[in-house]
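Each structure below appears as structure tokens.
Common to both upcoming complexes is subunit A, partnered first by subunit B, then by subunit C.
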Partner chain A sequence: MIVRGKHAKIRQALIALAMLAPSLLLFGVFVGYPAVEAFRISLYDWTGFSPQADWVGLKHFRGMFGPTVWAMGVPFGLALLAALVIGGLFGRSRSAPPDPRLRRRLNPKWAWAPTLAVLSAWLVWWLYGTNDGDDFFRWCVRNNFRLMFVGGIFQFVFAFLFAAGLSMPKFRAAKFYRTMIFFPSFVSAVGVAILWQRVCDARYGLANGVIEGAANAVSHVISYVHPIHLAVAPIEWLGSDNMFNSIIAAGIWSGVGSQMILLVAAIQRIPPTYYEAARVDGANERHVFSHITIPMIREVILITLTLWVIGALKVFGLVQAMAIQLDEKTSVVSVRQYELAFSNRDNIYQMGYATAMAVVLLVLIVVFALGLRLLRSEDELEF
Partner chain B sequence: MRFFHQLLAIVLVTLLAVLGWDLSQRRITRGNKQTIIYAGMFGPGEPMQRLYSGPAPQLEPEHPFGPDASAHYAALVKAWPDLAAKIQADYQRIFQQSFEARGDSDSLVEQYRQLDRKYVEQLVQSLGQKDRANRLRLFALFADLHPQHDARLIKIFQTLHPAYRIGLFEDFKRRNPQYDIEERWDGRWVLSTNRPRFLTGTDVPDVMAGALRELCILYRENLALPLDQPIPDAEDPIWREKGILYGPSYKNANVILKDTFNPVAAETSKYTITDLDVTHNHHPYPAGTRITYLWPSLVHAMVVFYNKAHFAQIGRDPDAVPQTIDEFEGICRQLLAAGIEPIAQDGMTYIEWWWFELANRVLGYETLLSTCRGDSPRFAGSQGDPRYLEIAQRLRRWRDQNFWMKQFSASKWPGAQRDFGTGKCTFLLTGTWLPAEIAQTRSYDPKVFDLSCFVYPAYPGGPGNQRRLTASAQGHAITRQGKNHKGAVALLSYLSAYGAELEADELHYVSAQKGIAFPTEMKSLEPIFQQAGTGDIITDGISGDLPMCYKFVLLETFNRFFPLRSDNPSPAEFVEELERKAQSHYERYGKAR
Partner chain C sequence: MNWNSDILAAVPQKMIQIANPFWYIAWFTVGVVILVAWDRTRLKALYAIKTGWVGFSIFAMLWVIISSMGTSKDFVQSPEKALTQFFDYHNPITFGALLACAACLAGILILAVLLARHPQMSPPRKYTIFAGQTTLGAAGLLALLAGAHLNGFSHWYENYVRAWTIARMGEYMLNSVMISVGSVGLIILCSAMATYALTKLEFPGRDGILYLFVAAMAIPAQLILVPLFLMLRHWHIQTLDFSFMDSRFGLIIIYTALSLPFTIFLLTGFFRSLPTELAEAAAIDGCSEFRTFSQIYFPLAAPGLTTAAIFNFIGIWNEYNFALVFITNPQIKTLPVGLYYLVVTQQYAAEWPALFAGIVILFVPTFLIFLILQKQIIAGLTLGGVKG
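Then we have the complex of A and B:
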């Protein structure tokens, strides 16, 4: 909207504000206020049953991170400040605009990089270099990261391979396979958990049954030459050591379809003329893939990765339903939060502490989402 | 713009109409009745459990009416002749024998005749199916009373608990027309579900179901009514002067409610006021006062269930239960030699009870409580009690000798009880809720599975009473914020009077009421319950007395010690870790939590 006349800028700003007001109001009421309120609650000891709550300040955070991390608060804060300053000074745009006033402005994207580097270093040190504070919580964060990295890599590789395969023009029955691969995404987390519990049951499960069947078949074949019986000890897929791997496998199985669909849609959006032109110029399949397909779907890849990162850090239903009883090797932050805040069988009701965990989780999600934003291309492709 | 205003007006009028209709519903449907809001959870037979367990293999399902209920069949046939052909055909199909009408009585025929046609059709339909739910008894109890509630009553024919309670509610409403019950089945996390109601004071339930331990937060935060203490602002003079439980019982005005509970139920329904409750929650009672906050309906005790059929297989008298820990170990070895897995066990569910029960025998509960509270003796270190290490070593030996079933570490609840109920293992340490939980999945062939139980064996030379039982009560609390205390008391009195027998009979629970026969599988516990004194019962154990220590110190360490893991601590490391975790717990939360 173009506004002319006296005080045009002020009037334009007011109009913009008026148009943004409903969104800002909704955001403030449903996102901003709860986030601030969550931080406030994290400063109290509160059961959530009556208004009575005791102010404890940062005690929950201190207990969560432990004295070692707490003692490093000042040096870390200074490092973070330095990173912000360094980012501000040197994080200029690579393609600086000709206007010197604009050139002086910071490019907010790279200005975050040193800060993220400091935060990441601190995170790694806290997770793997310290041993005080809340051990269980630290394990939970590690498990979330394990799901995020290990599960993320496998899921993305599978999704990408399926998407690439199903997008090939001569692939027969692509719709059928696409539906089959996408199908697990329809199943609720609890359904997936129960199904995989059945599969992974050490005594009666499908997984061990298949292994045992394969061993018997091999024994049978070999016995024609030499009498032998291959005995395979049942693998405890749901035991403490393997449980989280089983959860990751179930997560990949249920999530790969939705990622694949996004990638397939992105690949199929690329105009075929691009491929034709490249092939006329002598490009082989590898060149086409790396110079056309990947760059053209880069934004979608980053969106799928961002969604996965957020999902992996917030994961709840699958772990809660699949693990049933949780130890530190199998729990994740959301499940631990739920146990502490809502699990009335334990009679704990640590609403304040659980909310402090939620605050930390929120910070982690913001940090990782910002990190992924750095990978986004500055120039959007339009086709 | 005009169109926009018209649209807005239509939306507003519609919203107001819906709101008005919604608000009027309660008034229209309930008239002048006083509503009792009942918040319950679920129990045995909940769908999740059956989903995990699945049906017991190779078992012919029993029919609830059974071939012997011919009086009811005959009455039904006589009362509804047009449905007779279907009833008889179904009978023949299910019981593989032709139907012979015998034993019907005029009153029974009349009862069936009075029922609503739709209801009878659904009844005949359900009778034509095989399942093990005991619907006949329920039918006989409630169906005749409520022909007008046909659809509702169908629920009592479902196997799901708390279906039977819905029937009781119907009966209560019939007997007490001034009351209406608003039932809320809030699932296992009934307290968490209702937490916002407590916080805002809106629609707070009058009655909440749960165990003493589960409802503890209500007592701690002074949100529940004390049942055996005077309530100064109560209208009822007895409540004002003595307390709710001093009022007359439902069936007999000469007996006070308090005296209808058995001693174990009465003892395990009490909560001890702590210092924290006084200083933090401003409780009016001094610390140490034991107050009955829970209106008990059942009592669960931790016992060792065993399969008598396996005792017979190893040449042992099926009723000769082990008296000492060493004897128990000997039987486990015998079972192993006979190729039977001795103990059914899930990796992380109830496995801690082997430690607790052994510690109760070896050290005595008071010593264990003292350690957990931060006093002496300690788990390890200079003030450490060597018996803690001895307990850990013994349990590690059991694990290494394969006393617990194969792959127990990876077994998830209810894997152990499924294997136990189908005759694969001999022992299972769990609560007396077990018979109800495995009723749908266990084997009913006595050669495969013959269920009985015994109290955890004694440790010769151990302190105190070596027959001491850890027990917990299940029941209801009356909320302070609830608006219908009188109705709540009337309902709970009724449930105690009429529900107790049903729960013991149909669900195989140990009732909290005096004079109710114990389920067959737990007959051996009856004398203990009848003679129990205060010192013979441990109420809930550490999980009740120090819930945070239980969860953050003990359970988290046990989960690393018991199941097979790559980083299992040795027994010595285990007790050291217990001590280390306990110390850091005290630093963070103090010693009394």
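Then we have the complex of A and C:
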């Protein structure tokens, strides 16, 4: 709104402040302040119930990663510095291109790529190449990554196939399929977890029941020819080796729907004239797919992946409610944090260490979100 | 050579080696890829995949619902017995109820065929047919239940009664409703005002505040969980006997604060699309800013506010982490936390049917809301995701 006059401006600013006040107050007190406080708490040793919090500096972070990782910080840090310098040179070349021909090739956003590469190399080396530090925590991060990659790949493949089907004009009963595939995304994660826990139960579960039924049916058919009965050993879906795989399966089942809806919306937003023009020019189905559909929904694919990556790093309810036993093979970062801070299994509450884990989680989320942002295309398509 | 023992020895071993959810999904994916490559129209293969996926979902749901209507003894010994209370052909009452149910089903199918034959049917007639199908479905279900009930079977609702009263699901649901509705109301009120100020009013530092809210969306809830707990533990208002721990209102405040960044981000787009000229015209007519907001922009932003309300409602209805930490008193637990403790405390250690009744109680309200508001949910999701 356009306002004239000094008093009117001040008045409008005051009114705006009054309208913002409840939000700013709530946000500042219950989100902003705790978020800043978290960094301070992560530097203390605190059971949370003793009045005294002992300042320990970076002890939690030191213990979390172990001395080797920090010692390797020197070479990795040098590499990081080199990456920053290289990236900086890369980035600067656009604002003042030495050669006009270079302008198209060098994109300043790739200035961050070497830095992210060094950081991820460090991360991978810590996760899979070292043996010291907090072993439990490293397993938790590994499990987060396993959920992120294994679950993410399957989920995306299925979401993409479902979206392709739903956006076909000939596809019948699309509404029914959409509802049934999308619904699990909206149920409470605890509900999904408990349902899958029961489905995967070795003794009374649905999965083993179906396998047993199939074996019985097959042996019934065979028994007309030869007296035989196929006995199938019950599969321990929730045993410690399979537990996290079952959790991933539950995550895929509940997560496909929302990804599919995003992709369907993106595909349906593409103007049909593009396809018609391509057909007139003699493009076949594969050309249309790789030169129209994929580039047009590229942004949405990246948003979908970003949402999944953040969700997989933050996952809590699904794992906490589904895992029969929260050992290092089934735990994830947020569950471990909850266990340390609020669940007094050992009667010691480690508030400081739990918060340090959350800080690492924040760093991981920010790094991954920024890394995926690099893949976004420069030129915005308007249609 | 003894075929029987050979196969008995070989098959289970093989099954155990490859019986791993990962491999099952991997095979499924490989099969799907082959199907897609083989089918030129890509249509049959996609039908196959989707029917498999949806079929599993429906099968699992039916398993839960049907098992929740039987006794736990039957569930362990012969799960199909849960159904026989509805399919007792020797009893004339149950048989009659089955016939009535079959008639209703036939009616639904006939109406569906009618609907499919005339896709250009006018909306009023279409909705009449929908209403007729719904009524027939309800009548069929009622006939089935009444048949079992008149025949002396009360298993089918006993588990629900126990879950609702002994396991306190009723109380939990009431708490969930109160907390969700309260938070959504507060969120909408605060964020609509804030978004109006951030998009339609001019003042120094406007963009900074907007960036602050957008940046705050990156903060994971886990980061503020522990500091918030340590802070709110000591906040106690003696005169009102109010504490943030173990209190519905405390949880409402926390949820509101947590949802504000996302909601403001979502609403900014809606408010920006509304014309500024309206505010100018109102200002010329001598309308105050508060009235401009409450009587012009608030109603105009109704679609956006509805979307935000639905999303926040479902998010808070399903919220688990904070409810688990901030509530220990069983009287104010929410549904997910209550269901979790139902599993943990082993109140129904061998009583799966009662636990299934709890799962159904958790799923049904979400499913109904989802069915009714599906269009708005999809519109909101696409708006938040595609344009954001």
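To be clear about the criterion, the second predicted complex is superposed on the first by the 322 of 383 C-alpha atoms of A that agree within 3 Å, B and C clash if a C-alpha of one lies under 4 Å from a C-alpha of the other, contacts with A are read in each partner's own complex, and residues count from 1 in each chain.
The criterion applied here is as follows: a residue touches a chain if its C-beta (ideal position, glycine included) is under 8 Å from a C-beta of that chain, and two chains touch if they have at least 3 such contacts.
In this text the structure is predicted, and so the values were computed from the model without any measurement.
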Taking subunit A as the common reference, can subunit B and subunit C both be placed on it without clashing, or not? Answer clash or fit. clash
Could you tell me if A:238 is touching subunit B, subunit C, both of them or neither one (first, second, both, neither)? first
Once the structures are superposed on A, label A:221 by its partner contacts, choosing first (subunit B), second (subunit C), both or neither. neither
Look at A:202 in the shared chain and tell me whether it touches subunit B only, subunit C only, both, or neither; answer first, second, both or neither. first
If we overlay the two complexes on their shared chain A, which of subunit B and subunit C does A:327 touch? Say first, second, both or neither. first
Between subunit B (first) and subunit C (second), which does A:374 come into contact with in this model arrangement: first, second, both, or neither? neither
In the superposed arrangement, does A:194 touch subunit B (first), subunit C (second), both or neither? both
Who does A:71 touch here: subunit B (first), subunit C (second), both, or neither? neither
With the two complexes superposed on chain A, say which partner A:51 touches: subunit B (first), subunit C (second), both, or neither. first
Comparing the two partners subunit B and subunit C, which touches a greater set of residues in subunit A: C
Per the contact definition in the header, classify A:136: touching subunit B only (first), subunit C only (second), both, or neither. first
After the overlay on chain A, which stretch of subunit C ends up in the same space as subunit B: 275-283, 347-355 or 365-373? 347-355
Touching both subunit C and subunit B, counted on subunit A across the two superposed complexes: 48, 194, 197, 200, 237, 241-242, 342
Which part of subunit A faces subunit C closely enough to touch in the complex? 1-3, 9, 12-13, 15-17, 19-20, 22-24, 26-27, 29-35, 37-38, 41, 48, 150, 154, 157-158, 161-162, 164-165, 168, 170-171, 176-177, 179-184, 186-191, 194-195, 197-200, 204, 206, 209, 211, 226-233, 235, 237, 241-242, 245-246, 248-249, 252-253, 256, 258, 261-262, 265-266, 269, 299-300, 303-304, 307, 310, 313-314, 316-317, 320-321, 333-334, 337-338, 341-342, 351, 354-355, 358-359, 361-362, 365-366, 369
Which of the residues in subunit C end up touching subunit A in this complex? 3-4, 7-8, 11-12, 15-16, 19-22, 25, 29, 32, 36, 42-43, 46-47, 49-50, 53-54, 57-60, 63-64, 75-76, 79, 189-191, 193-194, 196-198, 200-204, 206, 209, 213, 216, 218-231, 253-254, 256-258, 260-261, 264, 276, 279-280, 283, 289-290, 293, 314, 317-318, 320-321, 324-325, 335-337, 339-340, 343, 352, 355-356, 359, 362-363, 366-367, 370-371, 374, 377-378, 381-382, 385-386, 388
Mind pulling up the subunit A residues that touch subunit B in the complex? 47-52, 54, 63, 136, 194, 197, 200-203, 234, 236-243, 324-329, 342-349
For the complex, give me every residue of subunit B touching subunit A. 51-52, 188-192, 195, 198-199, 210, 213-214, 216-218, 220-221, 223, 280-281, 346-349, 406-407, 409-413, 415, 419, 543, 547-548, 550-552, 556, 559-560, 563-566, 588
